[in-house]
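Two complexes, one shared chain (subunit A), two partners (subunit B, subunit C).
Let's look at the complex of A and B:
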């Protein structure tokens, strides 16, 4: 009897709770649907395609690990991995400090700060097709850079040679992308309390000491974040490699993603391309987890 | 606990979604290509889903291959043609849609079933498109068509595979070298003879070359599959072959003696410094350098470089000349790659749509309406100060009745480019390789780039052998010849 008396009360409570909960959940549905259609389904389809010989008309046939075996036996894969790693490394060495330096110099400007910010951001808004045409001209033997070098009595620089091609791409990419990172750093700089600088100045710290002991440590979190983002972005680079050099000369600028694109769209082998995509996906997931773990460890200390 | 359950449920849903879609894919693709379910989504706007009372009058919608929006004259011609066709076939609705055939995009267009019902493609694509069943066998349809026997057999050849015809030629080309005569004149260099050799070409390139002004003697394509396509002309003129087919097996043969000679010629061009240091030139890049007056010689299909240079670059038509591919030695053959544009029918369309698309494609073949539209186009180009550059090979035979009518149309105008009569006598065009052609061209791009960017001596035979071994293992060994 007691049970019978208690149930209606409990039921009402439960019902109200579920109702509130259900309404809330409804608001999540659009986001869920969008993620499902445009993110999760493609990811899982990609992984499942990597086990198939993909044929849109006659039907896919299951091939097990064949695509992976084929991908791993392709010597170009190792060239592409090496090139991608070199590109990622060089992009850090040559390009990573540029936005930091730019942000610091812009923030110490007394005048024309907003003008400098706009000028710094301009390259990012140039459409890709114009950009590559422009750089082809910059790198031309009779283009502005080589004309200038010849003018001051230096020999021409061969931007298209096998040794220099990656370097040429990094200059181009840095020039195009440093603007947005600069803006983020400027925002980070604005958040550093002024009194830290005043205290440092009272202690007799010069410009370099202030940058070394106040600015850079305060930006540490931001620098790490942007480093991870840059590594992820450069690991997936292929656009400038494709448009400037087509992955050449002799595969010197063939990146992992460019090889994947070539498998899929030039050789129409979607199974292999999906296998390559899945390998990359697995690698990036592991990389992200490790970075997060490391960062968490760093914060605790 | 609740959280983990939620995550678990989410993961389950995702896995289900993944599996579900995978299954659907399998089901959809295992049905015959001509099923209505395949064709009603995507490409056909008003698909014929509502059932019509009589089978003959069933409304059919097809999508035609349109020009890009800035080609107003060509699009107007197409619209007029559609009107005439729809008047003749009232049950067919034709919608023009723009997508230009690209070998790197076709797979996506087929996967999403958004390619036109009839589209234009190139000679290289016949084997790939037919083996994937992305285009249909037209043999039966052609047998029922009055004019099938009048089609130019040279133009038709690349699309005949194992006795079946998969495409209808629009026009065909043989590879040529276009020369900027003005650059020769400016430097006081004599033009090479039309019946020229590799040596003549190298000598001419050296003489006209002017790196300080950014002018290259010759601009070979060095980036993408087109670089292999360019080089193969020298392979052919040296008497070489890309591949041989025997006992159901494809074998790479481009690393032959002829191949070595052709590659040595590229090395000679590089060592003579007559090619641009900016070797990474695709088709468009090379033609752009040419129309800017920065290249004395460029290689492409019949009059295409000429067309671009005159009608986009504003060069004078009298400053340009077309040469055949040079022969390796004096008196040798001027062999170049043959290619062309073809009409094909989408393999994913319904049977009715395929028939309607075929009817539409051939509707005005060998008719006066087609000649009138060419006439109108030439007139309109004259108004814009442009020159009409005809194709060297057409879908009809030049000495046929129709061919003569076409010549008469061209003769009426003074803004039509005239090829020297001697040219077609010298030119010998050879079909492109049939199997894994794009993969071969792509691998050759690496070979050519090695030659263009290496310093000092390199072992050309080894480079060719390595490329041949690689393409043999990765591509040719996997070809299944039915």
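Let's look at the complex of A and C:
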């Protein structure tokens, strides 16, 4: 075989092969460069900046683990971590089951199914900035919700107080996001074979039993996937906290990422902010790997 | 999708039981109430934008304004040059769409149908970025753009838009679904790879391209925080401009004027959605995975 390499046919073949490879490479080159400059460089720079004191005027100086030490000794960090975890947990407890219930309900509607789907999706198309503008007013002490409460003789509810701020946020986020999750669940529901329901019914299972033993187990994979995605998304939340409450009152809505952006753009301490970013990166990568492992392990059993 | 008379979770026999019917009735009422709560903010925002300040704070507030004060819209324009920021948004969107779809389309085609050295590793190079949370490199990303001198230019949007692994994944999967035979016969007929990309792959992928355009539109329309960092004053897209000038915490601009601006921002995506509703809802099942 090796001898054949010397023949003119093989040479031409080699030339053709490199030419074919060259075309493919050319197609990929622009994307390769763009990914390098705008994704991989920032990702690695983020890690390296976390060991530097970033200064645009007099240049960066290497400071070792100092940024990490400073970040970890900041008491606000622990408030922010606690707030983020509470927010993630409450978002699951209050918001996660809503789209599942909604999807099952809509799927058994006899009429107006598509109308319900479109209406449910409407909040998702509101630009976030408009959404917060609207809800600032709804939650206002003299806004429509409190006017209504006063109207039926109840005392006003302070949506902006320290205790209630997180709830106010979660209600508005659930309201905005559940439509798109509902659509995904509806697609999942449509994939469940109908004879399963028929068989269950013939075996004497009522509607609840069918939901419990047929519908929910069939959706298990999807539910788990959306749960992981929601946890990842809520762990990075900061925009609504920033706009509705500015992190307050008294740091009650200060999340991890809000603290990171505050370090960067309020205190202009990019080294600390990069250290916080790297910590989060490490944590989320570990979290993702663990859940992937767990899912794979779960599938095998 | 479900127009057939085929049975679903519930059968006709279930509806004969009074208990089931009662629960079903309650459920329908709940859905109607939820639907109303979804529609209320839209209608309320629009109607409030036409009220006078006095009527706005009246108690109990009237649902409809007694006079439709279109002047609020005129007044809102003194706070914000809406036309300029609309134009910026569209410019950012157009450039990003053109650049990202070209770069990613070529790459996706290469990964799907061309011979590429170390293809597995190259694919990993692109797609592993999906696993890295974007929040963790928010700050270095900003510093990177600053170092490159791209801040406050449209290039700060256009160029990074090509680094979108999610779009790349969707495009590659779509291209892989096109039969290889089509490209092979084009090759035999002497067409170059670029020619088969432009003449075969692109026209066949119209549905996924529309979905990606819509996703891109909504992300640019939505983004207020990043744009407020990257762009300044007259270059800001609409969401960023509203954030820095109208809705910031402690804003003193009259509510009815604020709502006029919000309504103007609300309507374009609403129309886009209602027009392209079919594409969006079907695209969502693929788009959903991004989270």
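Structure notes:
Just so we're on the same page, the second predicted complex is superposed on the first by the 267 of 301 C-alpha atoms of A that agree within 3 Å, B and C clash if a C-alpha of one lies under 4 Å from a C-alpha of the other, contacts with A are read in each partner's own complex, and residues count from 1 in each chain.
Assume contacts are C-beta pairs under 8 Å (C-beta built on N, C-alpha and C of every residue); 3 or more make two chains touch, one makes a residue touch a chain.
Quick caveat: nothing in here was measured; it's all calculated off a predicted structure.
Overlay on subunit A: subunit B and subunit C clash in the combined arrangement. By the touch criterion defined above, A:60 lies against subunit B but remains apart from subunit C after alignment on the C-alpha atoms of chain A. When the shared chain is aligned, subunit B comes close enough to touch A:266, but subunit C does not. Touch criterion met: A:142 reaches subunit B and subunit C at once. Judged by the touch definition given at the top, the superposed model places A:97 against neither subunit B nor subunit C.
In the superposed model, A:246 lies in contact with both subunit B and subunit C.
More residues of subunit A lie in touch with C than with the remaining chain of the pair subunit B and subunit C. When the two structures are aligned on the shared chain, A:107 is found in touch with subunit C, with no touch to subunit B. In the superposition on chain A, A:75 makes contact with subunit B only, not with subunit C.
Of the two partner chains placed by superposition, only subunit B is touched by A:158; subunit C is not. When the two structures are aligned on the shared chain, A:24 is found in touch with subunit C, with no touch to subunit B. Of the residues of subunit A, those at positions 40-41, 45, 136, 142, 245-246, 264-265, 270 touch subunit B in one of the two structures and subunit C in the other.
Against subunit C, the residues of subunit A that register as touching in their complex are 20-21, 23-25, 27-28, 30-32, 34-35, 37-43, 45-46, 49, 54, 102, 104-109, 113, 116-123, 125-130, 132-134, 136-138, 142, 144, 147, 150-151, 175, 179-181, 183-184, 187, 189-190, 194, 197-198, 201, 206-207, 210-211, 214-215, 225-226, 229-230, 232-233, 236, 239, 242-243, 245-246, 257, 260-261, 264-265, 270, 273-274, 277-278, 280-281, 284-285, 288. Subunit B contributes residues 13-15, 17-19, 21-22, 25-26, 29-30, 33, 103-108, 110-111, 128, 132-134, 211-214, 222-225, 276-280, 282, 285, 347-348, 438-439, 442, 445-446, 449-450, 452-454, 470, 474-475 to its touches with subunit A in the complex. Interface residues of subunit C facing subunit A in the complex, by the touch rule stated above, are 1-2, 6-11, 13-14, 20, 23-24, 27-28, 30-31, 34-35, 37-39, 41-42, 44-45, 48, 57, 59-61, 102-104, 106-107, 109-111, 114-117, 122, 125-126, 129, 131-144, 148, 159-160, 162-163, 165, 168, 193, 197, 218, 221-222, 224-225, 229, 239, 242-243, 246-247, 249, 255, 258-259, 262, 265-266, 269-270, 272-273, 277, 280-281, 284-285, 288-289, 291. Residue ranges of subunit A in contact with subunit B, taken from their complex: 36, 40-41, 44-45, 47-48, 55-60, 74-75, 136, 139-142, 158, 160-162, 244-246, 248-251, 262, 264-268, 270.
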